[in-house]
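In the two assemblies presented below, chain A is common to both, partnered first by chain B and then by chain C.
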Partner chain A sequence: MLSSLQNPRQVAAQLMNFGLILSTAFMMWKGLSIMTDSPSPIVVVLSGSMEPAFQRGDLLMLWNRNLFSETNVGEIVVYNVKGKDIPIVHRVVRKFGAGPDAKLLTKGDNNAADDTELYARGQDYLNRKDIVGSVVGYMPFVGYVTIMLSEHPWLKTVMLGIMGLVVVLQRE
Partner chain B sequence: MASSQDKITVYNLADLKNTSDDAIPNYLNSLGFTQSHRLTDVRLALGYTAFALAAACFAWDYKFGFDSTKHLTAAAVALYTLLNGLLTLWVCYVERGTVYVGTAPSAAGGETVRISTATKKNVPTYHVTVEVTGKGGKEVVETVKVSRSFTEWFDGAGRFVAAPFQAMLAGSVGVIGRADPKRAAKAREEADGPAAYTPEMLNVLAQANVSVVGSAAEEATGSEAAEAKKAGKRRKA
Partner chain C sequence: MYSSVVRFQNAFSFFTTVAFVVAALIASTDLLTPRTPSVGVLKPTNVQVVRGRPHYYSSKKEEYAIIKFSLDADLSSLFTWNTKQLFVYVTAEWPSAGGSGSGQNASNQAVIWDSIITSPSADHLANLGPIALKKLKRSAQGKSIDPSRGKLSIKNQRPKYQITHPSGKVAEQEDVVLRLHYNVQPWVGFLTWNQDVDFWRWKTLRNNLSKKFTLPSIKKKDETKKAGA
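Coming up: the complex of A and B.
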């Protein structure tokens, strides 16, 4: 293995193969972003506020283009609130006006009250541009891995250790 | 680049092929061939350009956000797909498993050889295709195809034995033979040799308590090595 370091082209090719795996994954993600016009076309449900429709750990596929009709009441949307990093998945329950300036109000199916509490200070409705996308498909439970990893950081260490071990063992 | 001291696992076909592939440039360059790296360089250029593009895309996305760089990102995705497609085409249709391109020294004729190798899954046979292009000319003068078992140049422990491997190349490709007449002559000798074991001879050998294992080529180098070892021991004693 180490002796292959003598040939710079071989090393460059091996590095390139590794780099291309990473960059291809990234560009596929970006391609999906461009296609759906959403900065984050796949999200994981983090709370139970949309039960029984979505549970924690469900993977949601988003679509952010209004090709045939605009975002309407009844659609489940993912939106960002200014000053908060975590996107929220809730249903549109009221809509005033039309077009890009329409005022939208959202509410979690499982919540008692609408989302005015969750919005930024002084904000009592959403605009179309706050929305990251409408949910068009979902995969149950698949996203639970990312929840586990972010809530129990030691799992990351364990996973890295296992991956490292596999790499070491496969070299032999 | 496994040198002959490195041992490989003889059951690992990738190891067998890679070690043999690495031995080809070693051998031919030592004969004075001038290696051309054009194929590899084009592949590396395509790959690294694509990677740089993805890295740049990551950088501007991280810095300026998605919405303000949307069109740039779309262009980058299209260009990346194109570059990656080109890279795939290059590897599949232009390189076609080429491991060596080089020009022979003018004393040996100055032709250009292009060697590609392949193995089939789970079959320990080395398929070598050598395309010889005439001096200056573009058209392929001759194409030599050789398929040999890896056992001819790997011993049981997985050590690469250079002599029979080099004889295989020198014996089957004219240009290489002219550049290395010694190995070519040996290869010719061995080509006449394998039929040499008649039943009577085998009997004699069996009585003499000599084991006959493997092909003639292996036997030839094996005995050489054994002699060398014995000689060494004697000297030490």
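Coming up: the complex of A and C.
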């Protein structure tokens, strides 16, 4: 136990290894971000407003480039509202005009009313720039871990504790 | 080297690899299934334009159109084992004042009606009351795929959503068309919409446009009352 403390070379190697893993993950995330032109190319569904298609904890892959056509009615988009930092996944149901100034209205498939109430005060429509990406891919349940971690903060402590214990107890 | 931690890590990474490969294989089977959706009828049956508040939360009075329509379509080939639900929707499209023509370049588009058709394997997730849910489940008892749900035959359907325009005016609008769309949402994999061109075994949705029609002028209040009485 604690044998690694006696060998600084080994400690350095382990630190390097750890840093390599972190930077690889970061590079892959940012690479995906550049490829899809979206600040967050993968999102976890947080609400049930698109049920039954998307449940809480499902993983969505986004695409934010308009290669062949503009963002159109019927696409499921993730958007941000000014002043609120929770991204929302809903379907575009109305579009007036074309280009970057087109007025878009969204609605959750499982909601009775459209999203006018969710938008910022005085905002009736979304613009293209409010949209983070359109949903192209779907993977069920994988993101539920992040919901668990954010809703039960003590799990984070437990996980960190286990990780720390593993590092300390691990013998190379 | 062979500590329990390493063993656990190996087992977990093998599990995730297998899970992702299986998911990718399932998702790719979508491509193998031919899609031959067809539309028999799509036409407006009754169009009205009213001036009022389209929603209870509307802050101002504006013109809105109520388009009743009939639809006959066969989307049964879209149901496969990886189909979780089919989202079917009808849009009304019209060109803007100085803009381009209707159709693909239409600059005003609004959904007037939509419907979620779940696959029997996803029935338990549907947002329905207990009685309707029981009925839905019984309709496909013992089947995990039920293509007959893709056969739509709707007559003189009331729209779910009224059409408005940011300008507040829709009366006497010319060159309005209805268009049928669908969105296949899978259990795992890529979401797909009706595509514009044939893609190997997936055929386009032909005949999904109605004839052009013109929205009528505003219906007078007393006229509506008479019609109601």
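The definition used in the following text is that the second predicted complex is superposed on the first by the 157 of 172 C-alpha atoms of A that agree within 3 Å, B and C clash if a C-alpha of one lies under 4 Å from a C-alpha of the other, contacts with A are read in each partner's own complex, and residues count from 1 in each chain.
The definition used in the following text is that contacts are C-beta pairs under 8 Å (C-beta built on N, C-alpha and C of every residue); 3 or more make two chains touch, one makes a residue touch a chain.
In this text, all values refer to a predicted model and were calculated from it rather than measured experimentally.
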item	value
Touching partner for A:98 - first (chain B), second (chain C), both, neither	second
Partner chain(s) touched by A:146 [first = chain B, second = chain C, both, neither]	neither
Which partner reaches more residues of chain A (counting touched residues only), chain B or chain C	C
Touched partner set for A:34, first chain B, second chain C, both or neither	first
Chain B versus chain C as contact partner of A:127, first or second or both or neither	neither
Partner chain in contact with A:23 - chain B first, chain C second, else both or neither	first
Contacts of A:157 with chain B and chain C, given as first, second, both or neither	neither
Chain B versus chain C as contact partner of A:13, first or second or both or neither	first
Chain A residues contacted in one complex by chain B, in the other by chain C	none
For the chain A and chain C complex, residues of the former touching the latter	51-53, 55, 72-76, 91, 93-98, 102-103, 109-110, 113-114, 116-117, 124-125, 135-140, 166, 170-171
Chain B-facing residues of chain A, complex	3-4, 6-7, 9-10, 12-13, 16-17, 19-20, 22-24, 26-27, 30-31, 33-34, 37, 39
Residue ranges of chain C in contact with chain A within the complex	3, 5, 23, 55, 57, 84-85, 87, 89, 91, 96, 99, 105, 107-111, 114, 116, 118, 122, 125-127, 161, 165-166, 181, 183, 185-191, 193
Touching residues (chain side chain B, partner chain A) in the complex	1-3, 6, 37, 40-41, 43-44, 47-48, 50-51, 53-55, 57-58, 61, 65-67, 70, 73-74, 76-77, 80-81, 84
